[in-house]
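One structure is given below, represented as structure tokens, and several questions about it will come after.
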Amino acid sequence: MSFVTSQTSEASTNPETVVPPGERKGWSKFGLSPGWAISVVVGVVVVVLATLFDFWATTFVVGATENAPLVLAAFGFALLYRLTGLLNVAYAETITLGAYFAVWMNNSWGLGFYVVLLPAGLLAGVLSVVTYLVIFRFAKGRRVGNLEMIVISFGLSIFLQHALQFVFGYRRRAFDIPPPNTIEVFGVGVSSFRLLALASVAALTTIVYQFIQRTSFGLQIRALASNEGLAQASGVRPLRVTILIWFVAGLCGGLAGVFYGAGASVESFLGIDELLLILLVVLVGGIWGLLGVVVVGMATGVALTGITLEYGNSLYAELVLVVAFLGVLKFRGRRLTDGSKV
Amino acid sequence: MNLDWLDAFLIFGAFKVVEIMGLGLLVHLQLGLTRVANFGVVGFWGVGLYAFGVAHLKIDWPFGDPYQFLVCAAIATIVAAAAGLVVGWLISDLDDDGTLVGTLGFATIVVILATTQQGLTGGALGLGGLGFPYDFSRVKTHEFTWLLITAAVVALIFAYAWRVHRTPHGRLLIAVGANEALARSLGKSATAARLRMMMVTSGAMGLLGAMHGVMVRSLEINSLDVSVTLAALAALILGGTARVFGAVVGVLLTVALFDIVIQFYLPIPDGWNTQALPVAREAVFGAAIVLMLIFRPQGLLGQMRRPALMRRLHGDW
Amino acid sequence: MTPAVSVNGLSSGYGSVAVLHEVDFTVGHEIFAVLGANGAGKTTLLTTLAGLLPALSGSIAYHGTDVTNLAASESARLGVGYVPQEAAVFPDLSVLENLTVGGMIGTRPHEERLDEVFETFPDLRGKLHLRAGNLSGGESRMVACGRALMQDPTVLLLDEPTAGLSPLYLELFFEKVAEIHRTRGVSIVLTEQNATQALGIADRVMVLSLGVGSEPMAADAVTTELLREGYQI
Amino acid sequence: MTGEDLRPQILVRDVSKSFSGRVVVDVDELVLGDVPVEGLLGPNGAGKTTLMRLIMHSIPLDGGTVTLSRPGQRDVLLSATRTSQMAGLGVVKSTQVITDFEHLTILDSALLAVTEARYERPFAAAADRTVRKRHEEEIRHWLDYFGFDDPLAVALSGGDKKLLDIVRCLLLEPAVLLLDEPTAGLSEDHTERVKAAVRQLASRGTSVVIVEHDLDVIWDLCDEVIFMAEGKVLLKDKPATIRANPTVVESYLGAGSA
């Protein structure tokens, strides 16, 4: 209680203030109706530009394939953020763990990349659930406030970053996989492996998206996210659904980690190095719903590559994007809503 | 001054303790009173460090030390305060999530700029040539003196934080942190209060960065590491975010324990110092944050003792 | 026979502040109306009965099973359907999805239950794929009731089912409530400010005044004077 | 200050507000403050609290204007003013939900309300005593009046927090005071004290507008009652007249009850 102001404790026990959707954390939209039209238009523009100009072809192809894991990671993070309202910094270590598990299975048992992919993702999902049950659920039961929750996730992230070095070793690790073939797309050579990463990411986001849209569990997830109190009064058991969502988010993060790791190498700061970009994509893309996260994630990947190609330094690209995102967040992002309470 | 009894590493350890204590006290004003969670402490500190270094090395000052130091340190403070103002404005009407992203984003921007602006900062290679603003002929004496001066600055920061608890400014910060909407309805501009606080605390963080630059005598990109933020945050949370002494106690139990007691007085195997110990240190700090916030969120020293303080101040009411 | 609902010495509120003071009543196989002006504690009472707000003291039982401070999802599985006054639908879900969420508990075939809801609210049939957040007040109230009915409840809690509805819908809704009670054999607890309408369908009535409940009485024994006193008008 | 024309007034013109398509407030024209104490009355969803929040500009208006006029001073467009500037203009509102500053003592709260902005700057070092000296008398008066034995402690009970909220409002010396359920959860004795304080304040020229669920407080305290339903102002009259009005009775009890 100590960190909770009397006003927020008021709100947390008062169903009338908990229930209205406008007051919930996360975004208001989950649907995608206007999104489809925009996506189609964007897709056409991309194909035309890529066919006509070499620079754009390289930008789109490299941007999309190299940064595919960003989309997947942001998608998983967004799911969790949408349902629980928790900005979980330690999600970064779910990503790292996915990469570590995969590289460990690959290095120790000589299993191929595609063999270790799924088990590594599942393990990351399980560990994500463990962090929920052991840390976040427990903390929530002790009525830890929202700000403290974020700080806890920050502490957990730091802890895992370093503790993992004792488990997996200090040095960087790399996958032991045969060199990939190069395939030409729009005249740009891409490794078959990166292309497969893009395909897997596309397939996974689609599957998870469909799971949420079409299945009964998915409906429960959306009901809980839409109106928590009403979902409970309708018989939705929040614990099961919450565990499921932590698992799915962890799975996405873990798989993203495997792809990240395969693109470069694996070390304990792999996740945290990508986190800021993921956070920005989720917070800004989330303004336009879950599909917005995917689209903004893709656009971010392409922009990163484009600016890097143009100015020859990937740090400039990151700088431009961080500043741009913070600007969007300032003017379009969610505001404090408690002004209306007085 | 005969300082043979003093190990040079010990001076550096003590400097770190003092420095993090200063940062912890400033985070106390931000997080403990105003409830602004700054995850980019290293950004403000780093802006001070680099502004100082660049001003010192790249500008041809017509005067020498100590004036050159004073002017450059003032520049560092002003630049960091301006950064505090900008970030404060950026996060002024965002929620805790926005604050996290805003401060983290700012720290990242600082690191990127320090890396890319090679002409000014030396980039990834770093830049040497900073020095102490006095000349006593022996390095150890220099460092020891600098430790004392930094300790004096941190003592001033402590005195300021202590004073803030006893002024209407502090009351306003607590009010804004606890219930912004209610403070607004009483005619208080929460944004202005927060911006002023961010400006003052960030400026002081920048000054500490400048003092760090003098001590290490170079700009190194690796020093802009999240571990600065972590140490300040972990120490404060361990000691107690809402108490002035929280950062002091917390730093003694964290940074002093690891960087002085364990490193110098425990018989640890060779080689641990370079790898296992620093890694374990960060892991322990992270775990400390998690465990404290779950089991004793008010820290070792406990809650703000406002009624007791008011009794001391207004006992004759 | 054990009463459908029995409430003993129930106090409830927000934080440590009680809004409802030691309320007692039992509900049999009937329509039980809780009347009172705004601020009387009607919504607090129903939110507590639904299990969404912890009781400060006292007890709640459904068909003899004590549910005091049981999670709302478990009360729902015991047969309690709840229609809150505000935010009674999932705005981001379609009408059909709203109804489906209600039909997730229980064993009867989904289609069968859906058909019964359409019998009660035929208007919903044509709006299945609309977003519930875009419906009008009356339609969204139908969705809310339909969702609760999909749960096959034995006890239905209705919080001001007609608040904010146009007079046309108002009449219709009270008829529907009576019909649901009659055809499905559901015990109904409803809160209402509009006394006249509620008295028309209720079997028994309790008047809440600033969080204190009157002795429950037969609906036809309620006089205007009694109401005006309770409402402080 | 004598005569009804010289009271501070708030003019609400064409103000509307909808939440997700539902019209909550739709007021063509309303003058608040032509009598000392006015009550806002209406069934659930009438828009009373929303109207007060719109006046305070703590939620944005969909359209229309709110103007403050004070005798001898320029009119101020409240609908273009920040919430944090309202208190400085003399427009003050108590809060409906029980709310307080965690950690701050009762005296802190009182001092916070009266402290001028210049003493609240980061380096205004020796200001606490100064502030206290300037305002000690009034703080002491109101704290004693509501029976706070130990102002150096933190308010614990809901009732104390509610009273403290009212004390803060009174210390701001409002020209227009909006009270949202000021006596909810208070003991009878405290309710009477709040009522007496409101009367006293009104007799000194403050215009008071009050929303309260305990209608006896309204009937007792108000010189005039404004009756709202579904966001619109329907009636404005003496309490006794409102109480007997068939529309009012029907809106509470239902058609045919009057």
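The first chain written gets the first letter, and so on, giving A, B, C and D; residue counts start at 1 in each chain.
We take it that contacts are C-beta pairs under 8 Å (C-beta built on N, C-alpha and C of every residue); 3 or more make two chains touch, one makes a residue touch a chain.
All figures in this text were calculated on a predicted structure; none of them were measured in a lab.
*Asks:* Keeping to the contact definition above, tell me which chains border both chain A and chain D.
*Replies:* B, C
*Asks:* Out of every possible chain pairing, name the one holding the most C-beta contact pairs.
*Replies:* Going pair by pair, the biggest contact count turns up for A-B.
*Asks:* Which chain's centre, taken as the mean of its Cα atoms, is farthest from the centre of chain B?
*Replies:* C
*Asks:* In terms of Cα-based centroids, which chain occupies the most central position?
*Replies:* A
*Asks:* At what distance in angstrom does the C-alpha mean of chain C lie from that of chain A?
*Replies:* Going by mean C-alpha positions, chain A sits 40 Å from chain C.
*Asks:* How many Å are there between the centre of chain C and the centre of chain D, using C-alpha atoms for each centre?
*Replies:* 34
*Asks:* For chain B versus chain C, what separation do you get between their C-alpha means, in angstrom?
*Replies:* It comes to 56 Å between the two C-alpha centres.
*Asks:* Touching two or more other chains, which residues of chain B qualify?
*Replies:* Chain B, residues with two or more chain partners: 178-179, 181-182, 184-185, 303.
*Asks:* Can you list the chain C residues in contact with two or more other chains?
*Replies:* 14-15, 91, 133
*Asks:* Give me the residues of chain D that touch two or more other chains.
*Replies:* Chain D, residues with two or more chain partners: 20, 56, 58, 83, 93, 95, 97-102.
*Asks:* Which residues of chain A touch chain B in their complex?
*Replies:* 2-3, 5-7, 25, 87, 89, 135, 138-139, 142, 144, 146-148, 150-152, 154-163, 165-166, 170, 272, 276, 279-280, 283, 313, 315-316, 318-319, 322-323, 325-326, 329-330, 333-336, 338-339, 341-342
*Asks:* What does chain D use to touch chain C in their complex?
*Replies:* Touching chain C from chain D are residues 20-22, 43-45, 97-98, 158, 181, 184-185, 213-216, 219, 230, 243, 248-249, 252-257.
*Asks:* State the interface residues of chain D toward chain B in the complex, per the touch definition above.
*Replies:* Result: residues 56, 58, 82-88, 92-93, 95, 99-105, 107-108, 111-113, 115, 117, 119-128, 131-132, 151-154, 168, 172 of chain D touch chain B.
*Asks:* In the complex, go through chain B and note every residue touching chain A.
*Replies:* By the definition above, chain B touches chain A via 35, 37, 39, 90, 93-98, 100-102, 104-105, 108-109, 112-113, 115-116, 178-182, 184-185, 226, 230, 233-234, 237, 275-276, 279-280, 282-283, 285-290, 293-295, 297-298, 303.
*Asks:* Hey, which residues of chain C end up touching chain A in the complex?
*Replies:* 14-15, 43, 47, 50-54, 71-73, 75-77, 82, 84, 86-93, 97, 100-102, 104-105, 131, 133, 147-148, 151
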